[in-house]
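Letters A, B, C, D and E mark the chains in the order given here, with residues in each chain numbered from 1 onward.
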């Protein structure tokens, strides 16, 4: 029951906010926050039961035989549920302040709560269909939230893109479900995993591939990642909630959840690991070329998720999941802190127009610093433990090139995160500098003007500052400390691995590591420091700070086109698929349908009418002509009757 | 003449009647004067009558005679009505020509 | 007797409606709503009784025989629900006539679904064209639309008639729907009869390339009528495939199924692609129907029990969401006085309730998990896959993706974007209008979560 | 040869005698009647006579005998065809009473009744003479009736009908002569002699006979007279022609061609008939598409519908005969009904026959429009009308006897016809048309007749003959 | 005998041709008269004496007189009728061709071998002296058959003749002042008075 409560309270909150929005006014925010809080508490209360073998299971209903629905809470879903509701709670709280005065305040919280519900459904379901429902609803919620400011064309387009790419993911999962149900005749995870050993390798690979299309779309893996940067069109708390803490990690959840399948299919593992690695490095590279603070964070998210996917893909489940755990905190914190900045600068998102903000937003300064340290994997901060665990796990599972990619990515990450940090907080405030001097494209300036129509112009009193500051401050704690859960002296009996002891299949090659763990940590640290060094050299030296405007202008103008256009993936997808579909549609709808198919139909009708005109013309009104026709008929008949006699 | 036997071969009568009949048909088609058309129709009827009479003789069955008699009677009645129609149809018209009567068409 | 009442009640009510004062909208609406509600109650309460009356026994036996099977029961419930909603939502010039036409349509279609005799089926098949025809005459922008709808469908009805007559000639009785004694008929004529039936069903459904009557019809029929037509009348063809073509000629059906499968897949993709570029909101939905119905035809053609179960779910789901979509588009058109996607926009601020309803409906149409359309799609595709048609299932998935593209284009085009400032006051959804759509949405949600009732069947 | 004439012989033709006498009575009563009640007396007497004749006819139902030495036959077919003839006569008499010219009412009614006598005679004709006389009685009266209105069109119609029909009668007569020659008898029963199958005279006779029959049924290519005559003739006469003539001729066709010809070659002999039936379906329906005159359109419609009926007869099965009879009865009702509605709308210039005058009728005269809709839909074969069921029966019989190509042509023709019938329906419910000046005041008899026909057209669907 | 037959045949065909080709209708009537006379003679050779008489009396005496009467009424005696434009100009050639084809077909049918007619078995007739009873084709024989075996057709001819009479009256009677209703009678009287008044002026 508690489980159901945890699931449904956010839904109830969503419905209440949506239906009663006009009457609730500002109360809606508190109501929604409370709902998520209740959900969090309920989940927390189930901790004990969930960590028992088998976890908590609740059977709900059945569509028909084989289609049994239920909820389950085991360590994996418990972890996700806690993050979703816990981080979600903080973000809700933050939103009360951030969204204050928006025209659709209540609607925003309805969407947020709905998102929490969908995410909970996703992680709590004990079956494929339930997962898929949650999966789809999460996509829907993200669509709503990204397109929250729907009068803006770009937001609408971003929302649509996110939704459609997510549907591609849904479809991949659906494909996997056909394969599973057709072979297992049950939609439950447990039945599937129990039967997975009997699957042939091609089938298993197909299932995994289908599932991974879903995971890739949701977790913004190459080449289905293009929605994620665009998704920053949504309000900042949305970015924090969806694109940092929860939604994008659903792919990680899925792969981790399906560990029994993957572990039987090395080919699938290879696929996932490769894509994950590719995403990690692509995201990182693209992160170096962004100017929008939220887009930098978005690419960093993409890159980090690539890590996780790579980890869980190749079998380093604990590491991947651990990185999800730590990433949730520091990335949420980074986003929320950047939201503070954006809020303070009245919706300015371009880092080139920031600078010297330490004094203006001290909390943001500290929060972002901690977040950057954590994401870079500075020892002691949470990211250090989890990232190293992935890199080490990849190697242990026998993929040295991924190991290399992981390390390289760590270095690039350190570079662009510190770049962000330095440009934002060091030097002079550049808010009053002419955008052209900063190398900003004129159309981009125009677009920014229409940004975030929200909080201005509201006559009501401001919400208390603490609702925004408190979550940021609170998140600093786990950002720093969460990693320690993973730490253990003997390398195997950390609280973390005890927690997941029963969850994941043990990797067969776990012991065959060529490089010891401490060595990995050191190498990684070296790479990270190198990255930081480059960033310092470019942005943090005294001379760099002095010539900031010129430097930024140069950098903006010299940015390689390849990076500005994000490797042309978007262009390619747009050109091939979107335009292709439109072209086909136009061809069918404007030419084939009205002219060929319908033309044939109309041709038949027209020929009947033409025949009618002919009949009319033959009916000349002249008796002699009629008589002639009759004689003609007589001739025909006689010809038949005279010569038709049987002989 | 023995019973059942004709003065001439049967086919001669038939051929004669066929020729008469089709002369009548031709008249109906090629003439434009309604009266001549009606006369042509009378020719057709008479050709048929010849057929009946010849066959009646051949079969020694007086049904053919009766039939011919009926045809003559009917022809008389038909002529009466036909001529009345011709009169009313062409009384107002300047020309006595069936081609004039072609208002109904299409 | 109850089944007879189900048919006669709306017919009589529809006819009587013409006796009411022409301009008293409230009165005709309430009378119509009461009648439609009564039919709905009866349809739900109906428990498979049958009623038969010997029509004639020469030259073959025909019975005026009505009775519900599992499938037809649901179709009639769907019909009754959609009609009730359409009656409530009617807000067109000459409302009385429209409501009367709706009730007449309900009666004829109930007759079609409940018919247990092929000849009665054929009778109602043609009869159900008439109310729509008259509505098109009275309300459509171009009279040619009425023609095209009527002639095209009637041509299908004629081949159906020929097939029925052939059936009567060969088997001596047409009282065969749902009669197991007549299943699995084999004869040299069977393929031809099947072709006759199939042509009618393909046109009615419609399936590519027999669909060209549909977009225009849907575009020009007023919202309440087109809601019922697209929701239920299009199901007549599917019902026919299941209850007649498949049941009576299973072996020939199996033989010819590949053709049907190919046409269904083409319909799915073709409809989706064309929907992507339509400029008229109703045409988008029309082509989306082509796509969705193609999926059901695929399910039927695959002859997999699971796919057939899914087909029923999807039949109901499609009925619900297409009815709701057309009603909502009717509301939109009434407010904006246009259906052009180029001119629509910004409803979201002025009409939040309308937008919400529109949104749910469009989401149901694109197969959002949690709503009934998704259940149908999923189960159908599992079944299709089980039947071995992997390629068809994959292409269907492509259509699913395209569905989200064109549905979002429609939804966002109408509701999102900047508010249009210079328009007169646009009132939001009224209570009655909301009530008219609410049952459809509620049912979509219910069956999306718990479609058990629709799935227990079809063994 | 010297057969005695008995009472039974007279009883067989009693109905015809009654009808003939009624015609005389109408004339006499007209002479005696006070001027202003002429119309009512004439109609009343005619209707009473027709109903009496009908009663006598149906009293014969179930009996089967031949009278006058085989010249006249009473059986199932004769009774039903005579019934339809009387129905047509009744409907037309009513229409003439409603809109006909007052000064000619007695003459016209008498001619109509006698014409019906001819058709009834044909219905039961047992030998060639009776057929010929019946046909001539029917035709002569019709020639006069066509020209009875004081319009140039009527005169032209009468002239055309006269010339063409007489020509066709010439062919028929010549064919009869050859048949007489081949068999040596005028009795239809003599035609079934199997030895005749190889006689070229016989075949030629059959061919020419068929020309005459096809002309009267207005089958393509012998149909050319029908549209012109239907358009020109007065409306009630057209109604009568479309039903009664066809009934008589169909009876002959059934009796001669289907029941009397040598059975082993009957399908060879009748093939041309089915071919022209098929062509008629198409040409008739196509011809309707561009018409502006209702009567003319119904002429083409009649051409097509006779094609349907022949499709039922093709193959000569008993079921096919029943189907044809059913469809023909339905056709009679819907045709008479359509003419009745047209009469309701007609004033002095037969406005009801101009299709343009139907636009907006659904709003001006809703009931008339409703009835017209029923008739038109019935002609198109839409449910719930007898036209629908009739087509089912026809299709069934064609399929059963193997004439599927006829069934297919029927389907094609019906699809085409829908367009033509629907055009009028659409016009009636189209509100964007100009108002038409009101026609003559309501004519109760015509309206009653239309209502009865409409009910019959629907009731026949649910109570076909063979329950 | 054959000389008579062939002579008659020549007359028949020639007069028939003349009938349809004569430029003036009166000539057609005369030609037709010749045709009927020849036919009557041919009937006599076929022992149809009563019919021969009827042919002369009814056809020549009644029908052709009727034709002459109408010709006189519609034209001024022997002048050719005025005609309008020929709207179907070159019909003659195809028409004659068609007719010839049809004729040829019938002739082919006639000349095909077929069983010769036989006297009916038990036919109580003998073809002997002309004019006696019980002789085939005699008036008495004919009359008996007409009033017994063929009574019904005979009765029907009565009806047909009545139709002809009434039909002609109805058709032709339209210009007679017909007093239908009292009001109509008043109108007629009024118009007559006016006509008389005009005459008087």
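Everything below uses one rule, namely that a contact is a pair of C-beta atoms (placed from the backbone, for glycine too) under 8 Å apart; a residue touches a chain by one contact, two chains touch by 3 or more.
Source: prediction; values computed, not measured.
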item: Path length in steps (a step moves to a chain that is touched) from chain B to chain E; value: 1
item: Touch-network distance, chain A to chain C, counted in steps; value: 1
item: Partner chains shared by chain A and chain D (touch criterion as defined above); value: B, C, E
item: Chain pair with the greatest number of C-beta contact pairs; value: B-E
item: Most widely separated chain from chain D, with each centre as the mean of CA atoms; value: A
item: Far-end chain from chain B, centres as C-alpha averages; value: A
item: Centroid spacing, where centroids are CA-atom means, of chain B and chain C in whole angstrom; value: 66
item: Centroid spacing, where centroids are CA-atom means, of chain C and chain D in whole angstrom; value: 43
item: Whole-Å gap separating chain D and chain E, where each centre is the average of the chain's CA atoms; value: 28
item: Inter-chain centre distance, chain A versus chain E - centres from mean C-alpha coordinates, in Å; value: 102
item: Contacts with 2+ other chains: residues of chain C; value: 151
item: Two or more partner chains touched - positions in chain E; value: 87-88, 91, 95, 99, 102, 105-106, 108-110, 112, 117-118, 120, 145, 150, 153, 157, 160, 163-164, 167-168, 171, 174
item: Chain D, residues touching no fewer than two other chains; value: 129, 133, 136, 140, 143-144, 147, 158-160, 163, 167, 171, 181, 184-185, 198-201, 203-204, 227-228, 290, 419
item: In contact (per the touch rule at the top): chain pairs; value: A-B, A-C, A-D, A-E, B-D, B-E, C-D, D-E
item: Chain A contact footprint on chain C (complex, rising order); value: 151-152, 209, 211-212, 215, 270, 273-278, 287, 309, 346, 348-349, 352, 356, 363, 366, 368-370, 374-375, 377-378, 381-382, 385-386, 393-394, 397-398, 400-402, 404-405, 408-409, 412, 415-419, 450-452, 455-456
item: Residues on chain A engaged by chain E in the complex (per definition of touch); value: 620, 622, 624-625, 628, 631-632, 634-635, 638-639, 641-642, 645
item: In the complex, chain A residues that touch chain B; value: 616, 619-624, 627-628, 631
item: Residue numbers on chain B that touch chain E, as the complex places them; value: 1-4, 6-8, 10-16, 18-27, 29-33, 35-36, 38-40, 42-43, 46, 49-50, 53-63, 65-66, 68-70, 72-81, 83-88, 90-91, 94-97, 99-100, 102
item: Touching residues on chain D, where the partner in the complex is chain E; value: 1-5, 9, 13, 20, 24, 27, 35-36, 38, 67-69, 71-72, 102-104, 107-108, 110-111, 114-115, 117, 121, 129-130, 133-134, 136-137, 140-141, 143-144, 147-148, 150, 158, 181-182, 184-185, 195, 198-204
